[in-house]
Amino acid sequence: MPDPRFFVAAEPFSATELAQRVGATVAGDGGRRIHSVAPLDAAGPDDLSFFDHPRYAAQLVATRAGVIALHPKHRARAPAGAVLLLSNEPHKAYARAAALLFPETQPQAGIAPQAVIAPTATLGKGCTVEAGATIAARAEIGAGCVIGASASIGPGVVLGPGCRVGANASIAHALIGAKVNVYPGARIGTDGFGFAPDPKGHVRVPQLGRVIIHDGVEIGANATIDRGSGPDTVIGAGCWIDNLVHIGHNAQLGRGCIVAGLTGIAGSTILGDFVAVGGQVGVAGHLRIGTGARIAGGSGVIRDIPAGMTVGGFPAVPIRVWHRQTALLARMARATPGEGTEEES
Amino acid sequence: MPDPRFFVAAEPFSATELAQRVGATVAGDGGRRIHSVAPLDAAGPDDLSFFDHPRYAAQLVATRAGVIALHPKHRARAPAGAVLLLSNEPHKAYARAAALLFPETQPQAGIAPQAVIAPTATLGKGCTVEAGATIAARAEIGAGCVIGASASIGPGVVLGPGCRVGANASIAHALIGAKVNVYPGARIGTDGFGFAPDPKGHVRVPQLGRVIIHDGVEIGANATIDRGSGPDTVIGAGCWIDNLVHIGHNAQLGRGCIVAGLTGIAGSTILGDFVAVGGQVGVAGHLRIGTGARIAGGSGVIRDIPAGMTVGGFPAVPIRVWHRQTALLARMARATPGEGTEEES
Amino acid sequence: MPDPRFFVAAEPFSATELAQRVGATVAGDGGRRIHSVAPLDAAGPDDLSFFDHPRYAAQLVATRAGVIALHPKHRARAPAGAVLLLSNEPHKAYARAAALLFPETQPQAGIAPQAVIAPTATLGKGCTVEAGATIAARAEIGAGCVIGASASIGPGVVLGPGCRVGANASIAHALIGAKVNVYPGARIGTDGFGFAPDPKGHVRVPQLGRVIIHDGVEIGANATIDRGSGPDTVIGAGCWIDNLVHIGHNAQLGRGCIVAGLTGIAGSTILGDFVAVGGQVGVAGHLRIGTGARIAGGSGVIRDIPAGMTVGGFPAVPIRVWHRQTALLARMARATPGEGTEEES
C-alpha cells in the first residue's frame, strides 16, 4: 500500500516472525506472509492492519486484511480467516511491525560537494551532509547524523550521534543529545523575546543561555525553541513537539512531554515529566505544570497545574469544571432567547 | 501607484478594453486610459480603483480615481466624471483588471549554476531553478515551474506544470498538481505527529502515506502539511491555505476550501468542498466538516459540523448560539458587580 | 556563567565602571570586578545578577552574587556584603551591563564564496554574507549588514545599515530601515491572502503593495509579514515581533508595538503606538487598536479598542469585565452541580 515512489518495502515477514519481533501472539496461520501495511478498509490478504478504536469497528468486521493487530478482548470481532497479532497494545505492535516492513530509508552517507563545513567543525563517522547545508566553526556532529539540504548549524553547536536535521532547519547555541529529530524549518536557539519596555526604545536583554535537548526528542516542522536568557531552555528526553510550536526562553520540559501543533509555552515555565499538551494551547510564563498533567487543545493556562490534573478552557480549569461551565452557559442561553437568536440549522 | 521597484506595469488599457477583458460594462468615457491601480483614497485620473464595502462609502464619494469598478446599484454614489466599470462582482473585475495592468513577473527561465539537481530528476520545458535549490533523485518537475532559492524538493516528488515553490520551502513525499503555489518556508510532506504514548519512550508510528495536492492550490508562508500515516493527506483543487496553517496527517480538504492564518486542522479530519475556516481556528482530529460549513476565527471545533452550518466559539456552536451565549454572560456580569469590578475606560 | 562555547566575555569591569555606563549608582565596594552574569540562584562573587520581581525574593536573600542590580526600595533585602547597582529600572541596568560584559559577536565581514549576489545588487561597507545566501537583482544592502546562511533577499529589496537577516529567512517587496533584526526563517513580503471567493475558482487579487519596516524592528523566527495588496504593510520603528506571528496585508503597526508569539493580526488592521499584544491573540481585520492599548494573551479581538484600554477574552472585552465574566461563570457552575461533575483533584 505505501507508494513505492517514496517507501521501500523490506522482504516479507511471516506472521509468526513479526509477532516475535513485536512482542505479540499469533492466532491463526502463523505462516501467512505479510508484504505491506494498510488501513482496515483498504487492506488485502498480504497486508497487516490494526484495530485500536471503536470508531473503526464496522471496518474491522468487513476488512479483507490478511493479518490484524488487535487487543485479545476484540478477538471475536475479527473476520473469520484473518490471522491475528494479539497484543494488549495493538497500535504499538502495528507500529513496530510497520517499521520492520518499511525500514526508514537511510541516505547514502557522504558530504555533498555543495555543503559548506568550517575547517574547525568535526563530524563523526557515517554522516550525511546534503547540498547547501552549512556547518559553522567548532560545531561537533556525532556519528551517523543527517544534515538536510540548506540546513544551518551554528558555531559551537553539538549534535549527538544519530540526529537528523531536516531541510532548511537552523540550530544555534544548542547542545543536543542522541537520536534527536529536527524537522524541516525548525528554529532552535534563536534569541528569546527579551527586552525591557521603554518608550524611547525597548532595551534588549542579551540572551546568554543555551538550548539543551536530551536524547530522542522530536521537534516538528517550523517549530521554534528560543535559547535561554541566562538559564538554559531545556527539552527532556523523549519529548515529542509538533509543528509550529513555540517554546520560550528558559522554559523547561521534563521527560516524555507531548506538545501538539501551534501551541505556545511562554518563557520560564517548567513542565514536569510526561505532560500532554493539546494543540493551540497557550501556557503563560513562569508557571509550573506538574508531572502527568494534561491540557486540552485550545486552552489558555494562566495558573500552575498540579501533577496529574487534566484542565481545559480559557482560562483553563479542571476539565470537568470547564465542561460544566460550557454546559451551563449553553443551557441558560437556550432558556433566555432574545431577538435574532434563532439557531441556524 | 505600485512601486516600480517591485512591479512592472503593462501598456495602458482603455476602459473599454479592460471592461471587455474582465466581463464588465463601461459607463462614461470608454476611451479613458488606465495606467495603474490605487485605493479610492489615493487614486488619480490614470488609476483604476474599486468599491465593494460600505466601510469605504465616504472614500467613494471623494475619490479622484479615473475609473472605478463597482456594482450597478452603487452607481449613483460615484463622483460625476468618473468612468465606471459596472459589474455584479466589482472586486473580481478589479482583480482581473489589476492582473492585466501588472502581469506577474516571470523570472527568466533557466537553471542557476548553484542549483543542485540529481541526475535522475526530470524537468519540463521552461523551468526556473534558482541558486541553492536542490532537486533530489527521481523528482519530476512539470513545465514552467519556478523553484525558489534554497528550496528543497525531495526524492520522487512530482510537481505538475506551472507550479511555484518559494524560497526555502521544502517538499517531500508529495504528488502535486498543476499551478500550485507553495509560498516561502512552507513544509509539505513532513512526518505526521504519529506515535503511541509509552512511559518507556513513545513508539514512533511509521508515516507511510503521502501528500496529494490538486490543481490550483495556494499554500501560505511557513505553513505545514504533514504526510499521511498510511492513508494520504489530501488538499482539494483550488484550496487557499494561509500562512502558518498546520494540517495534520490523513486530513482531507475538499475543493475550494479557505483556511486562514494560524489555523490547525488535526489528523484524519475531513472537510467537504468550499469550507471556510477563519484564522486561529483549531479543529480536532477525526471530525467531519460538511460542504460549505463556515467556522469563525478563533473557534475551537470538537464535534462534526453539518454542511452549510456557520459555527463559532470554544467549543464551537452555531454562530447565533455563540453570540447569544456571549451576550447573556456579558449581561449577567453587568447585573452582578462585585469587588474591584469597575470597568476600565 | 554564559557558556564560552557560545558567548565571549569582554574584559571584566569594576562595579563603578559598569554603574557609570548603565546609569546606576553603586552601594558598596565600587572596585569589585565583574566578570560575568548569572541568575540570583546561580551567581557567584564574580557575577552580576538582578532582582526585579517579588517571585524571586527568596533567591535575593540567599544569593551569593557579587553585584546585584536592584531598585533602591529593595536595598535592605539584599545580602550583606553584596555590591549593589541601584537603579529605578534594574532590569534595564542589568541588560545594558550584560551587553557590555558579553558584546554581541560580530561575524568577520566578508562575502562567502558560496553566496550568490546578482551583479546589479549593491552592498555597503563591512557586510557579511554567509554561504548559500542569495541577493537578487537591484537589491541594496546597507553598510554592516549580516545576511545569514541560505537567506534570500529578493529583487529590489532595500535594507538599511546594520540589519541582520537570520539563516533561511526570506525577504521580498520590502523597504527596510536601519538596525532591523530578521530572525531565522522569517518571511517578509509574501503574497497577502487576497482573493475573491468564487465557486468556479477563487479569483486571485494581485498583491501590489510593499512591506515597509522602520528602524530598530525585531521580527521573530518563522514569523510572516505579508506585503500590502495596494497600500503597504507597515511596521513602525522599534516594534518587537515574536516568533510565529502572522501580520496580514495592509496592516499597520505604530512605533514600539510588542506582539508576542503565535499572534495573528489580520489584514488592514491599524495599531497605534506602543500597543502590547500577548501571545496567541487573534485580531480581526479592518480594526483600529488605539495607542497604548493592551491585549491579554489568548484573546480574540473583533472590535476596535480605544487608546489605553486593556482587554481580554474571546470576544475581547475590557479586562476587568472579562475577569468578572469568568468569575461569575465559575461561581454559577459551582452552584449548580449536575451529573458527573465532581472536580478532578
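Letters A, B and C mark the chains in the order given here, with residues in each chain numbered from 1 onward.
Keep this in mind: a residue touches a chain if its C-beta (ideal position, glycine included) is under 8 Å from a C-beta of that chain, and two chains touch if they have at least 3 such contacts.
Because the structure is a prediction, the values reported are computed rather than measured.
J.: Roughly how big is the turn, in degrees to the nearest 5, that lines up subunit A with subunit C by CA atoms?
T.: 120
J.: For the copies subunit A and subunit B, give the interface type as same if over half of its residue numbers appear on both sides, and as different if under half do.
T.: Different residues, largely: of all residue numbers at this interface, under half are found in both copies.
J.: Subunit A to subunit B: how many Å between their CA centres?
T.: Here subunit A and subunit B have centroids separated by 27 Å.
J.: Return the residues of subunit B touching two or more other chains; collapse runs of consecutive numbers into ranges.
T.: Those would be 114, 132, 150, 168, 185, 222, 244, 262, 280, 314, 329.
J.: Where on subunit C does subunit B make contact in their complex?
T.: Listed in rising order, the residues of subunit C that touch subunit B are 114, 116, 132, 134, 138, 150, 152, 154-156, 168-170, 172-173, 185, 187, 190-191, 193, 195-199, 201-206, 208-210, 222, 224, 226, 230-231, 244, 246, 248, 262, 264, 266, 280, 282, 284, 286, 300, 302, 309-310, 314-315, 317-321, 323-325, 327-329.
J.: Using the touch definition from the top, list the residues of subunit B that touch subunit C in their complex.
T.: Checking each residue of subunit B against subunit C gives 1-3, 5-7, 37-39, 42, 55, 89, 91-92, 94-96, 98-99, 102, 104, 112, 114, 130-132, 148-150, 166-168, 181, 183-185, 216, 218, 220-222, 238, 240, 242-244, 256, 258, 260-262, 274, 276, 279-280, 297-298, 313-314, 326, 329-330, 332-333, 336-338, 340-345.
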